[in-house]
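Note that chain A is present in both complexes that follow, paired respectively with chain B and with chain C.
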Partner chain A sequence: MHTPEPTGIDLSRFDADALAQLSAGAPAAVRAQRAAAFELFSALPVPAARDEEWRHSPAKLFPLADFQLAASPRASNAAQTADGRDDFDAVIEIGDELFNIQNRSASLGILPLAEALATLPANVLTTKRKFAALGQAFWTAGFFIRARAGAPVRLLVNWRFTADGKLHVPRLVVAVEPDAQLILVERFQGLETETASFSKDWKSETALAVIGAHEFHVGEGAKLERVALHEWSASTLCIAEDAAVVAGRGRADWVTAVLGGRAVKLAAGCDVAGAGAVAHLSGLYFAGGTQHVDQRTVQRHSSPDTTSHLLYKGAVRDQSHSIYQGLIQAARGAVRVDAYQMNRNLVLNEGARADSLPALEIDADDLKCSHGSATGSLDPEQIFYLRARGIAEAEARRLLIAAYFEEVIGKVSHAGVQDRLRAAVAQKMETLS
Partner chain B sequence: MSAAAEFELRNLRVRNGTKEILRGVDLTLQRGETHALMGPNGSGKSTLANVIMGHPDYEVTGGDILFRGRSLLGLAPEERARLGVFLAFQYPVAVPGVSVARFLKAAVEAVRGKSTGGAGGFLKGVREQMKFLEITEAFLDRGLNEGFSGGEKKRLEILQMLLLKPALGVLDETDSGLDIDALRIVAEGVNRLRGPDLTLLVITHYERLLKLIEPDHLHVLMNGRIVFSGGPEAVKKLEEHGYDWIREQVGAEAG
Partner chain C sequence: MAHELPGDSKLLQDYRFGFVTDIAAEAFPKGLNEVVVRLISAKKGEPGWMTDWRLAAYRHWLTLREPHWARADYPPIDYQASYYYSAPRQRPGKPGEMDPELAKTFEKLGVPLHERGGLAGFAVDAVFDSVSVSTTQRERLKKQGIIFCSMSEAIREHGDLVRQYLGSVVPPTDNFFAALNSAVFTDGSFCYIPRGVRCPIELSTYFRINALRTGQFERTLIIAEPESFVSYIEGCTAPARDENQLHAAIVELVALEGARIKYSTVQNWFAGDAEGKGGIYNFVTKRGHCRGARSHISWTQVEVGAAITWKYPSVILEGADSVGEFYSVAFTHDRMQADTGTKMIHLGPRTRSTIVSKGISAGRSANTYRGLVKILPAATGARNHTRCDSMLIGSQCSANTFPVIESRNATAITEHEATTSRISEEQLFYLRSRGLDEEAATALIVHGFCKEVLKELPMEFAVEAVKLLELKLEHSVG
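The block that comes next holds the complex of A and B.
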């Protein structure tokens, strides 16, 4: 039997008309930026199942053509509502129609992207990624964040969209200037208009689609900690392609937690681009029901004397499916590189599935590069030990799953965010027997 | 007839996979007694310990395990623990990510069936016992058995026993891998709990532990059966002559 050539996701909605609508009334610099990105986007092929990266995420999971592109939210002075906002020096809240910025820090600049384009760093990343280019052209809610040298600044960005058939394109461009320190926590939430579950029942009118494209420029000697909490509701489809470039002696700590979403496809690329640059990429994901969580990471060493360490830990239950693909790239001449990548997966029942696909592309020698992957179930001897101390089996399992994720949760510096992650993991385990 | 024994094994037969490991074990412990169980490697000692606790890998094919006249066979490990059965593991497993403090609190609450209240009051009692066992307080924040030495793990087992105050304690080669000092501390810990309310089954390879925890009775397990039972004086005889004289007594049957 002949297998038809797999087709990519339908992106026909993202055409010149849609771009013109978004650009209407915008300043010339905005229109120029969108137009340039659109050209790039149009030139890139639509990824499909023939591409290794999309092999496990068939196009039918992402029926984006069924969604209407959302309008850009307007500025508002409404009082903020985000939980734990007092722990932060600045908070951006973004909803369907309004956004609100509250900034108490003198060393942090926050501007809507449209206003900031004139002052953007000249090196907006040129991308080869279709969805990153889509985000650069079609962003519906964009912000430019600039951290200046000084004491660490804490910023919370709260994205909350209603599941009402719209497609949102959030975008952050973050510049952490030389010797600046920024802790950025992003929460991504979907608000259901009706009760949804991580099951097969689904229709686009009561669902949410999101395509994200963030970029992070970490300057010389600067530090960025970025925590992304994907707490999407059960109807949400999310594709995000984020990129970071870390200059000499700079450091990026990047923690991605995926707990919600019907289908989530994330790519996180981090280039340690100057001598002494360090990146720590950490991931936590926990899928249940029929959730599909597909993640790709790229640790790129474009400079010698650079370090990147990665730890992604996931768990799958029910009929959910997770995919992790990791790539370490060392450019020619990137000597004295220290690169490490580890992916671990817990499969909690038969029927759940976790795929782990690590890869290396090394053009240099004189480097330390290792990767590993381990997929298994909970250790029966650990369960027995806890039960022998009176702890019921279900509770023992919950305790061990929570313990398994502690290693990643410990990478987050903010205690309130750590607790939020623990609570989210606990919630995922609630119905676990 | 007196009341039921505190703990009794009746013609217990146990299989692991296709291999029969215990081939009809009879053992009776009266309340407050300490019994030693010795035997060469592979005689089934650790299997016995694990079966008493309800390890899912072992299948009881015959006989019974009775605690205060009640069969434990249908009970889950956690139910046995809550009845007052305690196993000090030969190889306590590491559980990274669960701190010792959190684990101890969860275990004590599970066994007692009620909250221990705030962490402060609970930990005060724990610290006192830790001091006695010469365990540094820093252990409370470490992952359970994570990176612990053999001696540290064994001391933590005894700490748990002191906190859980079981009615029946089964010590599975708690002395293995311990130096003389650690052995003394562990034995003192066990002796601290001894009394009319604690019945003990001390499984060991070596006589040296039995000089510190003196048993009322001694049994020798060989090839899945109890082949010798005697009083404390047998400890010395075993020390001097090894198992050969028992092998001779029981003949070829014990292999």
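The block that comes next holds the complex of A and C.
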């Protein structure tokens, strides 16, 4: 059968007019940066089902043309509420109309991106990714974060958007300077005005769309721990394409947890680009209802003597669908590389679906790269063991799922965030029989 | 054969002057159109339904575009510049004419002389030899009701069987190359094993591939009736030429209840020279269908040739408790590009599949494993285990692994493991310190690396495969 050419996501909204509107009144440096990124964005093709990466996420899942591009939030000096923020040296709160920066650390610099661009050298990463380029051109809420050498600093970034038919483009540019240490926790939340169910009564006016494009520059000997908690509401559509570059002896620990959202498509690329650089990528995802969670990771070894380890663990229940696509790349000449990638999936009931695409692209010889993938259900023997000790079957299943995710949760250094993840997993299991 | 065409065909008479008269040259004029498709069908004396089938495939092919998702770089193929029908050349074979490089190869392979002629692909006696071998076997097979003949003969003599099964596993609409093959295939093997019969000998297509060397589209169909067994061997070689040739074959296997088909391939098409000039484009669709319960299809392949390989022998596991296996060694050197793997589609309950793939890249080659394991909702208790290992020899080659695992059943278990590394320094050092030179040490390590797959090959074939690998390594090490 001859199938018609699949079309990509409708991005016609992101045109020169929209750019002009965003750029209006902005400093020249900001306008220049947006214009350069827009050129890059325009030159890239819209990804469609013919691209392997988008094969499992059809364009119809992301009706972005139905959303209005949000306006940039303004600065607010209102005091922040406590709510577990004491653990952090700095907090950025970003809402629909206002943002608020609270910074108690001398070794941390935080600036709205528009202000930072005026003083920064033009910093447009050349990217082949359509949505990363889109984020660079159309960011609505952007921040520049700079961590200086010294003791570890903890930063919490709370993104909270209302589901009211708007499309937000959050963007962080994070520079961890040589020998600096930054722990960054990002929480992504959508606020529902009315309870939207997963499928039928979904409409864009009461939904939220987000396109994220963060970039992280980890300097020589620097350390970055980044935890991203996608706690989106049930109506949220989220596409994010984040990239990190780790210089020599630097280290990036990247934990991504996807629990919410109607359709989520994340790409996380990490380049261990200098000798001795290390990256640890970890993922936790738990999808239910008709959730669609598609994640791609790239562990790129552009330099010799680099290490990357990845562990992504997911579970799917109800009618949900998860896709994990992982790629290890070793560039020509990238010798003495140690790369590992492990993806595990739990399919909890009939009707749920988990796809795993772990890939290796190796152009160098003196190295060790491997990957593993395992998909299955809970081990009946383990359930039996627990039941024999008087634990009800449903409870036994919950215990085993919690234990399964504990391996990833343990990668997060912040105890409060760990608890938050455990609670989120527990919530996902509430109605599980 | 000097292209004797049936004189009663008006079509052929009209077209007769279009033929090149040089006996060694190809028979039909260049290009592909409905007339050529009809000519092929008429030349083979096919019934009308077969002609229509070919034409439908051809018309569908016109609507398709050549796929380019594989990891392969090659200049655009001009389908109108190829010959779609060409019978074997009739020049008397002279060993003196054999490419010295090839001659040396066969010495090392220790292939018996008549086969050696066959390998070179131009010695007429070798072709005759093979045919007579086949005939004697056919008498023996016939007593058990086994049909083993060329596809052309099967279309003429066993039309009902062919009509029932041809295209039932790989439909003409399956993909670009499948549609092309369905339109213009010139020959191939047909094999039918009746209920409860265990085929007493290994069936092989070595010789006929040689005879049909210049006809680059062959089609094989194997039908195993309930509780039967057959082991089938396919060998391919091609002479060195400096132009690229397209080879687009289809193999269809049908295993009914409790039947078992074991299909082994040693593919050694000409791979092009060190600079990547020439060689075969091996774009092949191979698929088995475990239709009945407890049926079993096993693919074993040793891929050491072809400039570009695009090949994914697959199994559709429909019958309950059916088993699919894929064992593969792919060796690439110089400028070769191999994109190969398998697809295991689990439809039925308790279906099991095993994938073992060993890729070795040397020189400036690119070796890619691409695989799909698909567990559909009805495949309760399905099980897959996949192991893909890649070895790199030299710093200019690439090894890629692109598996796709789709699981839609909560009771199914899939496991995938893959490693990529270079040949172990330590193992090399150990062997060399015991007096082996680097070449021998490398060969030994590679042999060990591939052992899991090689042991799946029928014995004589395994010996040949090992020698071939060693030979290929010789050019690539150091």
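Definition applied: the second predicted complex is superposed on the first by the 421 of 433 C-alpha atoms of A that agree within 3 Å, B and C clash if a C-alpha of one lies under 4 Å from a C-alpha of the other, contacts with A are read in each partner's own complex, and residues count from 1 in each chain.
Here is the rule we use: a residue touches a chain if its C-beta (ideal position, glycine included) is under 8 Å from a C-beta of that chain, and two chains touch if they have at least 3 such contacts.
Model, not experiment: these values are computed from the prediction.
**Student:** Using the overlay on chain A, decide if chain B and chain C clash or can fit next to each other.
**Tutor:** Once both complexes are aligned on chain A, chain B and chain C fit side by side.
**Student:** Where does A:399 make contact in the superposed view: on chain B (first), on chain C (second), on both, or on neither?
**Tutor:** First partner only, chain B.
**Student:** Which partner, chain B or chain C, touches the larger number of chain A residues?
**Tutor:** C
**Student:** Looking at A:160 after the superposition, I want to know if it touches chain B, chain C, both of them or none. Which is it: first, second, both, neither?
**Tutor:** neither
**Student:** In the superposed arrangement, which partner chain does A:390 touch: chain B (first), chain C (second), both, or neither?
**Tutor:** The first partner, chain B, only.
**Student:** One more residue to check, A:332. First (chain B), second (chain C), both or neither?
**Tutor:** Only chain C; A:332 stays clear of chain B.
**Student:** First (chain B), second (chain C), both or neither: which does A:13 touch?
**Tutor:** Touch partners of A:13: none, neither chain B nor chain C.
**Student:** Which holds for A:407: it touches chain B only (first), chain C only (second), both, or neither?
**Tutor:** A:407 contacts chain B only, not chain C.
**Student:** So, A:349: does it touch chain B (first), chain C (second), both, or neither?
**Tutor:** A:349: touches chain C, not chain B.
**Student:** Touching A:359, do we find chain B (first), chain C (second), both, or neither?
**Tutor:** Second partner only, chain C.
**Student:** Which value in Å is the smallest Cα separation between chain B and chain C when the structures are fitted on chain A?
**Tutor:** Between chain B and chain C, the minimum C-alpha distance equals 14 Å.
**Student:** Do any residues of chain A touch both chain B and chain C, and if so, which are they?
**Tutor:** none
**Student:** Would you pull the chain A residues touching chain C in the complex into a rising list?
**Tutor:** 1-2, 52, 332-333, 335, 345, 347-377
**Student:** Can you tell me which positions in chain A touch chain B when the two form their complex?
**Tutor:** Residues of chain A touching chain B: 379-382, 384-393, 395, 399-400, 402-407.
**Student:** Provide the residue numbers of chain C that touch chain A in the complex, in ascending order.
**Tutor:** Those in contact with chain A are residues 60, 63-64, 69, 173, 377, 390, 392-422.
**Student:** Going by the contact rule set out above, which residues of chain B touch chain A in the complex?
**Tutor:** Where chain B meets chain A, its residues are 53-57, 76-78, 80-82, 87, 89, 92-93, 95-98, 103, 106-107, 110-111, 143, 160, 164.
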